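Got a structure for you, questions after.
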Amino acid sequence: MDAMNLHLMLPEIYLVLLGLVILIADLYLAPEKRFNLGWWTAGGLSVLAVWLFATPTPETVEFAGFGLYRADGFALFMKKVFALTGILVAVMSTGYLKRYGRGPGEFFSLVIFALTGMFMVASVNDFMSLFVSLELVTLCLFILAAYRRHDKLSGEAGIKYIIVGAMAAGLMLFGMAFIYGATGEVRFTYMGADGQLVLLSQTVANLESGWQMTALFGFTVLLVGLGFKVAAVPFHVWVPDVYQGAPTPVTAFLSVGSKAAGFILIIRVITLVVPTIAPGADLALVDQLVKLFALIAGLTLFYGNLAAIPQKNLKRLMGFSSIGHAGYLLLGIVAVLAMKAAGEETMNGVSAIAFYLFAYVFTNMAMFIGMVIFTQGSEDSHAIDDYAGLGKRAPLLALCMTIALLSLAGVPPLAGFFGKFYLISSIVEAARLDGYGWLLVLAAAGAVNVVISMYYYLCVVKRMYMLEPTSDEPIHLPPPAKIAMVACIVLVVVIGIFQGPFVQMATGVLATLGF
Amino acid sequence: MEPIFHDLLAAGGGHAVAFYACSAVTIAAAILMVMKKNPVASVMWLVLSFIGLAGIYVTLQSYFIAVIQVLVYAGAIMVLFLFVIMLLNLRREDIAKMELPKVPFAGVIAAILFFVSVFLVIKASTPAFEKPVDALLGEPALAGDSVRAIGIPLFSQWLLPFEITSVLLLAAIVGAVALTKKKL
Amino acid sequence: MEIHIAHYLIVAGILFSIGLVGVVVRRNAIVVLMCLELMLNAANLVFVAFARMHGNMQGRIFVFFAITVAAAEAAVMLAIIIAVYRQRETVNTDDMDIMQG
Amino acid sequence: MHLSLATLIILVPALTTLLLFFVPAKKVQVVRWLAAGGAFCTVIISITMMATYDKAVGGWQFTQVVTWVEDLGISWNVGADGISVAMLLLTSLVIMAGTLVSFKVTDRPKEFYILLMALVTGVFGVFAGRDMFFFYFSYELAVIPMYLLIGVWGSTNKEYATMKLTLFLTAGAVVALIGLLLLYWHTKEFFDANPALLEAFRNAHPDFSDATSSSFNLLQVQYAAKHAMEMGGPASREFFSLGFQLWVFPLILLGFGAIAPMWPLHTWSPGGHAAAPSAASMLHAGVLMKLGSYGIIRIGLTCLPEGAAKILPIVAALCMMNIIYGGMVAMAQKDLKFVIGYSSSSHMGYVLLGIASMNVIGLNGAVFLMFAHGIMTALAFGLIGWFYDQTHTRMLPDLGGLAKQIPFIGVCFTIMALASAGLPGFANFASEFMVLIGSWQEAVRGNSWFFLYTILAVWGIVISATYLLRAARWAFFGPLNPCWEGKIKDADTWFWRAPFIMLIAALVLFGCYPKLLIDVIATGTGPIVDIIENARQAVAGIK
């Protein structure tokens, strides 16, 4: 444990170097060639993705960076998700930036640095790295959200995002300080005095009740801070404005990357720091968290989906829908917590979240690539009415966006369907535990929201197919973006039909979740 | 310098006096920072608040942190703030009026709730926090709050977050330039 | 008169709450940023106090990172503020309401 | 790899859908004939299944099991028992007729057929599925294409109707999903607690020799339910207790009842039928509505028999609302499609009544009626679609005397109305008669409410005769509305007549010789009645 083990961190090192190469190459390239940096980025990230997918899932947890970095199955899985996200963001940004016409070097290097942060987030094993890496992610995203600096919306999005983001950082820091105060330790796993590996959750479990109370307060505040990052109600206020104002590729990046990073951290904190309590013991600590999260999950589901209904702007609608999806992912968290409260270590919730995120990447990215293609001019507005008659103007684009929307709504045989199925299944499993029968209400909420979300997604589909187009201008589909979009859609269908290998990938992360 | 502080604090009641004085300054300055309508005045009060906070760090015998607090916060960051305020040359009417419409009202309640919950947690866990701080003054673990004592773990055990921070600062620089440079 | 760790925590709680109020109440983006800095500092104080109690270094080192992050965040936020100011000659968050839900 | 017939009947429309994607949209004839070819293959397959189903052996035949998602215990687990065979035959006949009728569709025919084939893939999946996940998956798959089919190709308030329909059916599906998931986890707990039974299950079913405790396999759930119920009294036992069943059965009932459609969840159906294009409403009323009652029989009755025994007698009262209220409303309608729409909801009441009477003849009658009503209503919507395409109105007052212009359609429509009204010689008569006898038997057995239900149900038949014959008379007989003079074409070639003749032939064949189908159905319903009979004895006396 007490070694740097640099070889485990090669993906991150590779990413930093890639970012630096892009940054420096930008200086030496002719201005008109600079936009090719997007292809450099996509290429570099593709190499990384292939590398990650070729890496076998580790059987045991390996530590690097003096025990501050853990290389385990969950981290590897999430890094795959991030690498794919990065590639797709790079592909859709290239055309977008060409139209916008400025700053490709900085843009792509920031995307890569944000990815570096996400990679670190996936592997953190202590609160310090957690804080610093998460801030690296959000800092890059602040800048990217405000990147269209001559656009009022973008600036507004940047300011709103940074205020909320910094507030969340403050809350997280405050919470971590209290957990540190209770335990005297910021590492999730560390060598105890007797040379044994200790899990921070064991330390918390062994504390006296006053300190446990302190730790519980710390968890709550920390998780509230993370709630901002994943856009859980009532910490969602920034989402619609930031989603609408940020450049569309950045919105896509936010909706997948930032959310996944937040959920990774919640899972890490829950599995490594929140104690598992043996049956019969005093449940107070974790039980409170179950109730808190169940409430938040229910509110998030209903708020996100209900507020999406009256939206007139597609980006804003996607923002609210992403709140709804955060609600679904929180169902998995509740399931994990309830299992923990009952003293069981089965973590179907985690693999459900992992699967859902994996499916969500392709679905959401296909949708956003479609939106980037749709805006032909340099302006970046997305009134839903503009999409009227898209089925006639650009059949392929409309088909892909429809499939993406239906997958988001959870319709078979698409990836989103199985994701929701898996999550609701995990919460029903938790509801079977003694004393947690009320979780069925949450499962019902998840089910009801399938119907609500179906409504507003279908409203968009309706405009595309059932209304007449408002303009006859043909829509040109640039080949790279088109290929990326179609590839995503094919994957959405493939994952939806042949879930087996992907579920196996998602359950594979469970083995190394602990030590 | 450390021994001087140490002796002062160790003197009967010195620690308590120092704590209360510094806390009073910090809190009062913080309140004034929020209340002042002119951002320049706010910055000044914030600087004072941070200096007070540095004083509190001293009573905790974290001398090096106290120095950093003054240097980085009061020195560098606040100068940056002042610089931006001057640069933007805000017109008088733009200097925000403070008002309490409905939404901020909820925020005030949230803040009060937050403080109450901190207070309740502290009250509930009192036995755990019982150790008086001035009794710790002579404990050997704390004698090493020197640059060396912080530097060695920082560059060995905690090297990883340190390296991430370097990327973070690079990203911040790139971003700040990308957002503000006139011609890009 | 003995000073306990609890005293420090209460000071931190007060500072954090003042910061929170400021973030919500103030309309000037720069002042909001200052309030955010205050919140981070409150958290720092908790760390230092607990580091003192546990007698280990981790809390203090954490504070270093927190200060660094706060500095970087301040730089970026000021950059965004400048960019926004150039578009619309204001840094008042109340005026930022182009987007409506 | 050997593919069983049950697999084939799902894969054929799925492959047709996929192939249609790659046919250029301009080659309309290719698209049409490809779809018709696919549909024809399913007819061949389902008739083969019908002919080769071994009634002496009974149970599940044509089975195939392929692991799908190993970690969760999901498999491609298909087969057909007596009930499935009847339903698969129904589906293939209706889709055959539907594709032929839809040759008239000129607006984006490629997309139309893709959606139609995707929908029918889902329907086949439900009827042949033996895995709860696969069942649910197929069920949802069948719901969504309908949204676009109605929304794009429909008429009469289509946007509202299609959204309402989709949301209702999705809501039903997710309610049922929670019930299915509860069953899944409950079964897992049961097998975890009784590993010996898991071993016994594996040995008893060579197909599932590697089954684990977590499984969506319907057979495994039924096995668990059966053995759990032998382990103690309904109230006291640990697994599948009466309390559990009283929780889960309503979820299944409501979930599938929404599509059945059970009163008061039926409100989506008439509007949906009216808005849908011909082929869609044929499939919708003919087949999709049967998914609901099929789900209740297949999952509700077999896995939760005690819950069913307690709740179904109460539900029978709702069936009366279906029959009487649906019939009364149908009488007041002016729009011909609404008449048929409400009549569908009324006839589905008989199906539910048959299920609720929980005896051999009632259940056989219910399944047979599902078949007969499916064919009949598909015929009705196909015929209405035929002249609606030309008249662009279905309002009865605007029509009249059409038989002079389109004699073939008129004759077919009259036959349909007579069949639907329960004229002997048609499948509807035989099946409704069986349902009534079943209901009467239940009454004789001691549930005296069923006397009332039976009498009301007989009246329901009278009502349905009234409105159907009235509609037929109004639309086709009497003086011809002069504005249609020479404007509408009859189905004058054998090609256009084929679908209608095929459906009428099926009605007559099974009406005159019901034994052909009932013998097959009985092999499927027999074991279910046994299960439920045991459960009724177990819960008798428990309040």
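As written, the chains take the letters A, B, C and D, and residue 1 is the first residue of each chain.
By our rule, a residue touches a chain if its C-beta (ideal position, glycine included) is under 8 Å from a C-beta of that chain, and two chains touch if they have at least 3 such contacts.
On a predicted model such as this, the values are computed, not experimentally measured, just so you know.
Q: If I rank A-D and B-C by number of C-beta contact pairs, which comes first?
A: B-C
Q: Could you please state the distance in Å, as a whole number, between where the Cα atoms of chain A are centred and where those of chain D are centred?
A: That pair's centroid distance is 41 Å.
Q: Measuring centre to centre with CA averages, how many angstrom lie between chain C and chain D?
A: Computed from C-alpha means, the inter-chain centre distance equals 63 Å.
Q: What whole-number Å value describes the gap between the mean CA coordinates of chain B and chain C?
A: Each chain's C-alpha centroid was found; their separation is 8 Å.
Q: What whole-Å value do you get for the distance between chain B and chain D if each is reduced to the mean of its CA atoms?
A: 70
Q: Listing for chain A: what residues touch at least two other chains?
A: Within chain A, the residues that touch at least two other chains are 128, 131-132, 135, 139, 142-143, 146, 149, 178.
Q: If a residue has to touch 2 or more other chains to count, which residues of chain C qualify?
A: If we look for residues of chain C contacting two or more partner chains, we find 5, 9, 12, 16, 19-20, 23, 33, 44, 49, 53, 56, 61, 65, 69, 72-73, 76, 79-81, 83.
Q: Answer with line, ring, star, complete or other to describe the graph linking chains that touch.
A: Other.
Q: Provide the residue numbers of chain B that touch chain C in the complex, in ascending order.
A: 13, 15-16, 19, 23, 26-27, 30-31, 33-34, 39, 42-43, 46, 49-50, 53, 56-57, 59-62, 64-65, 68-69, 72-73, 76-77, 80-81, 84-85, 87-88, 90, 94-100, 103-104, 106-108, 110-112, 114-115, 118-119, 122, 126, 129-136, 139, 141-142, 145, 149-150, 153-154, 158, 161-162, 165, 168-169, 171-173, 175-176, 179-180
Q: Contact residues on chain A for chain D in the complex?
A: Going through chain A, the ones touching chain D are 406, 411-413, 417, 421-422, 424-425, 428-429, 432, 440, 443-444, 447-448, 450-451, 454-455, 458, 461-462, 465-466, 499-500, 503-504, 507.
Q: Using the touch definition from the top, list the residues of chain B that touch chain A in their complex.
A: Per the touch definition, chain B meets chain A at residues 117-118, 121, 124-128, 156-161, 164-165, 167-168, 170-172, 174-175, 177-179, 184.
Q: Can you list the chain C residues touching chain B in their complex?
A: Chain C residues touching chain B: 1-28, 30-31, 33-35, 37-38, 41, 44-45, 48-49, 51-53, 55-57, 60-61, 63-65, 67-76, 78-83, 85, 89-92.
Q: Where on chain A is chain C touching in the complex?
A: Residues of chain A touching chain C: 127-128, 131-132, 135, 139, 142-143, 146, 149-153, 155-156, 158-160, 162-163, 166-167, 169-171, 173-174, 176-178, 180-181, 184-186, 240-241, 244-245, 307, 311, 316.
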